[in-house]
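Next come two complexes, and both contain subunit A; in the first it sits with subunit B, in the second with subunit C.
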Partner chain A sequence: MTAFIIRRLFLLPVVLFGVTLLLFTMVWSLGSDRLISLYISTPEAMKSADAKQRLIEKYGLDQPAIIQYGKWVGNVLRGDLGYSMSSHQPVLEGLLARLPYTLELTIFSLIPVIFVGIWLGVKSGVHHNRPLDQGIRIFAIVGWSLPDFVFGLLILMLFYSQLGWFPPGLYSLATEQAMRMDNWTHYTRMVTFDAILNWRWDIFLDGIRHLVAPVLTLAYLWWAFLLRVTRSSMLDVLSKDYIRTARAKGLSEKVVINKHARRNALIPVITVAGHMVVQLMAGVVIVETIFTRPGIGTFSARAAQQLDYFAIIGFAFFFSLILVIGNLIVDISYALIDPRIRLS
Partner chain B sequence: MKKQNEFRRTLRKFYRNPTALMGIMLLLFFVVIAIFTPFIAPPQDTSNPYNMPRVSWRPVPIQPTADHPFGLIDGKDIFYGVVWGTRTAFRIGLIVSLVSTLIGLIVGSVAAYFGGWLDEVLMRITDIFMSMPFLVGAMVMTVILGKGLDNVMLALIIFGWMQTARLIRGNILQAKEEQYVMAAKALGINHGYIILKHLLPNTIFPVIVQVSMRMGSLVITAAALSFLGLGAEPGYADWGTILSYSRDYITNITDTWFTIVFPGVAMILFVLAWNLVGDALRDIFDPKMRSK
Partner chain C sequence: MWRKVLVLTLAVVLVGVAGFGQVKNPDTMIYLPFGSPESLDPHYAYDTSSSQVIFNTYDSLIRYDHSRIDAFLPMISLEVPTVENGLIRDGGKTIEFPLREGVKFHSGNTLTPEDVAWSIKRGILFDRSAGPMKLLIEALSGAEYYGIRDWFEGFSGMAWSDAVTQDRMVKSAEAREKLIAFYNEVVDPIVTVEGNSVVFHLNRSYGPFLFQITHYSSWASIIDSQWAIANGAWDGKADGWWRWNDLHPTETPLHTKVAGSGPYKLVEWDQGNQRIVLERFEDYWQGPAPMKNVIIWGVDEFSTRKAMLLAGDADLINVPNQFIDQFKNIPGIRAVTGFPLASVTNIHMNWGVDPVSEYLGSGKLDGRGIPPDFFTDIHVRRAIIHLINYDAYMEDVLSGLGKMVPTDMPEGYLGYDDTLPKASFNLALAERELKQAWDGKLWEVGFVMPALYNTGNMMRQTGAEMLKVYMESLNPKFKVNVIGLQWATYLAAGNNNLLPLFFIGWSSDYPDPHDFIFTYYHSQGTYSEWRGEPYRQFLRENTDALIEEALFEPDFDRRAELYRTVQEIVIENVVASPLYMPTGIQVMRDWVDGWWYHPMRSPELEFFFLSK
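Right, the complex of A and B next:
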């Protein structure tokens, strides 16, 4: 067990080192001529004939790759991911300011995804090959085939343009005004949680109203994924001997399913669900863009459109940091839950 | 002889499976459209048929008419874009999945077969590429490489080979302990031959299923990049590009439904077709399912 954790902890910096190398290679391959655009803040800076050469020398873009890499990593370690031209602020500051909105959407998506996904998967497994199972499988494969942005646009068209129920954005105008008041305290910068802490139920409901459509978009995609995993795990467990024994000794079907089968079937689902959290955050890039929520997804999409290299590289590094650490936590906690993992 | 029976049994199972049959029919439908594209939507400029011709100077969506059955957006015929977009989708899906699978197969089988430090290095490189979500990696790569479909495909290949590598590595690690491989090694047959003739044929089926399932997600990701404005050039006949135009006109459903529904449904059906086929293949080749 300790050996497993030590090995994983040892590999973490190795992988992160590799990620920085990969990202640096990408940026470096742009060449100094294109990179120089990152440092030009005003047109005047380029007026003199030797301005370009001066800037290249000033920012060390003519130095060997390894020195540039060292400088860049040094900056990253100090939390300096560069300056974002597209949002007019340092990249790290921009990411951290927008992270709460993304986290809020992720948290609210996870609840329906995990509970409904597992519930449907168990149902599908128990009713193997019967109409209910077939129906759930069709539901799953359609969800798996739906491109998130097409589904998001359709939802926006139906629930906003047509019915006017769930508008895009973070909150309505009234909420924005309430948040500007002196008696409003920003605890987490997440609309719904702040509303609870400020005891404003109307604002909480307003926040929820703006979350329904993006959550639905994210959820359908991942229901499909999670319920398929749960279903096959459930089928696997249901064919085991101890289930036959449980039935043979006369236990009711409900006890067999709920106590004997489901608990064991959920072990592999936990790992998958853990890794899913991180992947779900990646899906946020598209969903935030569609529903105009100002999270890190929207930030990165705009940075990408405006060729804001520092911002997009910073975003990628930030994301892989979340992913690598998230996966590490999942793997270690999985090893704690299931002793069979530790042996291999 | 035995192989033939196995193959026939597989085919029979496939035909008896209604969802698989539906997938095959859908796929055939798209293949037919892709083959007869120039006849269904004749291009005005034959030297550059993938560029959607401009038929109107008004950028707003214009309702479907007899001439333009799917309507217009940004002055371009949506029908033309959807039909030629089928070819684009096939091109992206086939090229990216073939090349990235090939890379994955090489990396995975070399790592598993030779083991030791080579395995360790190759798998850590795989980990590094996997520590960025597919869409994020592809996004960064297209920003660096610049716009254009070729660059999108390159970006998808660069961040698309890792799953195959891991899958084939796991399978070969198991298979290489088998006696026929030991025997081949003992006879002094060269490594490349053992991998190609003995190991891959016995381990490749899950990879084929994976390829089929991945076709859909590749086309979705490529379209998502176009939707974000990072993919194909403006005006390129591509489903994601058409959808990115419609994003600006979302507020009025009666005036704009066709700009989302036609390219959107084409894409959903295309992805669904590949997923149905992949799902059926997995059920057929999964030994756990077979015994029942």
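Right, the complex of A and C next:
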């Protein structure tokens, strides 16, 4: 196990190098005339005759990609991922400031996704081809087919515009003011977790209130996925000999399902769920935009729109790091859950 | 057990929901634009989001008189300089501003004439690439220079790159000497302190000068020099000033901090959340603002902005033109429309496209493309401006939020004359012109021509599509390809003279005709660069001298006459091809009081005047 972990960790720099070099080369191949647009959002900025040349020289846009990449790597080793013109701050600072918001949304989305998704999947598998199964499958297909921006906007209109229950953003004005008081400490930058640590249940509730709509949007889209995996796994397990044996022993159907079938059916589900954490973090762009949550999704989307190359590459670097470590944790947990699996 | 947990959780959430319903914010004005500031440094910022904060946190010497663009009021200056009151002297070269006493900065420091002088000089020396300081440098140098580096080179005869390294280190003792001399002999004397006045000494009388230093020209904000120097800004000395030239945002202490004397103080700029929080400055010299707090929150998704306005969680929001109909007849919502904006969008025809351009097709008049000099033929240009159905465009595309103007200059500017001929939709005239174009050959062989716009700009795209429909209706041999390019590609292609016919606009930096007339109709204007050498040659021969004369002419009537003459020339020769001048919209809750527009500010807001 230890050797496996070390080997995977050694792979990390190779992955990061490959990803960033590829991106850097792609971006730089656009040429200085296109890269310069990052610094010129309107034609008015080009009024002085030397504006273009000064920008090219200032940002080294006329230098070969490999030289710029070498400089960038040198800066990365000093903890500097460059400056993001789209978010108006250093890339690393921007990513670290936004990560807690995405993480919080992901964590809160995972809870209903996993529990409800698995529960529905088990129910669907147990009631195979019966009305309940059909109903759940239709529910899943609808969720899987709905574009996230459509469903998100519907949720926003219904629960905020019509009912006034779940507003967008991270917190209310009252919470914002409370968080600026001296007695408030930012431990994690996640509103709900900080609220608990500051022992402020009113702020915790406010944070939850702002999380419900985006969580519901994300959850519905992902329920379908997890439900289908659980259902397939459940159907597979229910056809195994040991299930037949358990039933033959006279065990109640509840015990057969809960103790024998469900537990074994969850092994592949856990693997999928592990990868889903990473996928969820990557897939929150639209949801963050609709519900005005400033996570790394909106950071990357804005960077891509504006050809903010340092932010794009920095995001890829950062996300590759999360992806590799996330996958490693999933692989390890898989081996821990199922002793039959050996990591080699 | 799990059921109990579930029930308890639901109960907690519902209590929370009930407890936080219908929050009212009587002390806080909340405005939802999109995007966020580039920088809060007045000498770096050159975008509307940044200006929005700077307008409200910094003061200037003078300000516009309410919505007018041709009259000023005193601000930090006690008087608006005029020839009559003796504060404009020496034929417009000396301009004095006697300062108000007892004005406090947010830091508690008292505003002095030295702060004003330092602010102007710091801005000139800062001059970031593609930033706003070119405007002030143009004014102060008598329109000889647009950048501090050029100015230094002109003064010293030494190239900037020979004097200062990329890391802003001086290269030699000789260079240091010249840099210091440049400051002492050129920059320092520009603004002097005389008693409690600051006096500007211009190289030449410069018509738009007062526009350049008025409020809403964020680069002319007055900065608390004591605070700024203590926090790492330029130290006010001649030796070493180049180390503060063209700084990166992270290198200036004013990027995320405010050192002004305006009606609001900066509490927080949450860059991730695109949220600016301002708090009333109780010691403001005009008295405290009505609203205690202001939140400017960049919400990029329009549907979310709308939902928050309808719910009463936002007081004012930014609304794109195409959505204005959604706010008509909604109780509690007020939509103000139709006020003029200092901007024009136009159809540009390039008279000398680079022959390597991929948008020329065959590059010949053979029915499969167009030659690089296609638009040098005045018949083609005349036909193009007759192929836009302007009335339908204003009504259907702009939802009535636009107006046709005679040339590429907004309504209300000095020299603007609504009686000058405007382009009109006339298919018969277009056909007649095209039959004459290129000695009749064009009608015989036809052409394939592009109409380019930047992707995402629906107004420009629709204009291009309209041109295509009407052009192709005239002759089956005429083909127009509507092509959208990403902004990066569009900009690069424009700069490299590759776009034959394209749609783009210009927004005003200051409300003087020079800003538009020079940009479009002077051979060194920004868009002249995009329209080929034959175009520039035409301007050199016909309009350059008039524009230069107008710039330095102190007499307003004479200036107006000169600009009118330029407009007559460009109309007659179809050099001008405006598509529309946009008019503004502002959507707000009906409890917002005190809102008024200004062409140079809108859609940004001045919160000092707002209450609810």
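Some notes on this structure:
Here, the second predicted complex is superposed on the first by the 287 of 344 C-alpha atoms of A that agree within 3 Å, B and C clash if a C-alpha of one lies under 4 Å from a C-alpha of the other, contacts with A are read in each partner's own complex, and residues count from 1 in each chain.
The rule we apply is simple: a residue touches a chain if its C-beta (ideal position, glycine included) is under 8 Å from a C-beta of that chain, and two chains touch if they have at least 3 such contacts.
As the structure is a computational prediction, the values presented were derived from the model and not from experiment.
Within the superposed three-chain model, A:L156 lies in touch with subunit B and with subunit C [touch as defined at top]. By the document's definition of touching, of the two partners only subunit C reaches A:Q89; subunit B does not.
Looking at the shared chain after the overlay, A:W223 reaches neither subunit B nor subunit C. Looking at the shared chain after the overlay, A:W72 reaches neither subunit B nor subunit C.
Contact with both subunit B and subunit C is seen for A:L30 once the two complexes are overlaid on the shared chain.
Looking at the shared chain after the overlay, A:A304 reaches subunit B, while subunit C stays out of its contact range.
In the overlay built on the shared chain, the residue A:I141 is in contact with subunit B alone; subunit C does not reach it. In the superposition on chain A, A:T289 contacts both subunit B and subunit C.
Subunit A residues in contact with subunit B (one complex) as well as with subunit C (other complex) are 30, 153, 156-157, 160-161, 289-290, 307. On the side of subunit B, the complex with subunit A involves touching residues 19, 124-125, 127-129, 131-137, 139-144, 216, 220, 223-224, 227-230, 243, 246-247, 250-253, 256-257, 260-261, 264, 267-268, 271-272, 275-276, 279, 288.
The touching residues of subunit A, when paired with subunit C in their complex, are 30-31, 33-52, 54-55, 57-58, 83, 85, 87-90, 94, 97-98, 101, 153, 156-157, 160-161, 164-170, 172-174, 176, 180, 202, 205-206, 208-209, 212, 289-292, 294, 298-299, 302, 307. Interface residues of subunit A, counted against subunit B in their complex, comprise 11, 14-16, 18-19, 21-23, 26-27, 29-30, 137-138, 141-142, 144-150, 153-154, 156-158, 160-162, 235-236, 239, 278-279, 281-283, 285-286, 289-290, 300-301, 304-305, 307, 309, 312-313, 315-316, 319-320, 323-324, 327. Only residues 12-13, 15-17, 19-23, 25, 28, 30, 36-39, 46-47, 129-131, 134-135, 146-147, 149-150, 166, 246, 248-250, 267-268, 270-274, 277, 295, 297, 299-301, 303-304, 307-308, 310-311, 313, 486-489, 491-492, 494-496, 504-507, 509, 519, 524, 526-527, 529 of subunit C touch subunit A when the two sit together in their complex.
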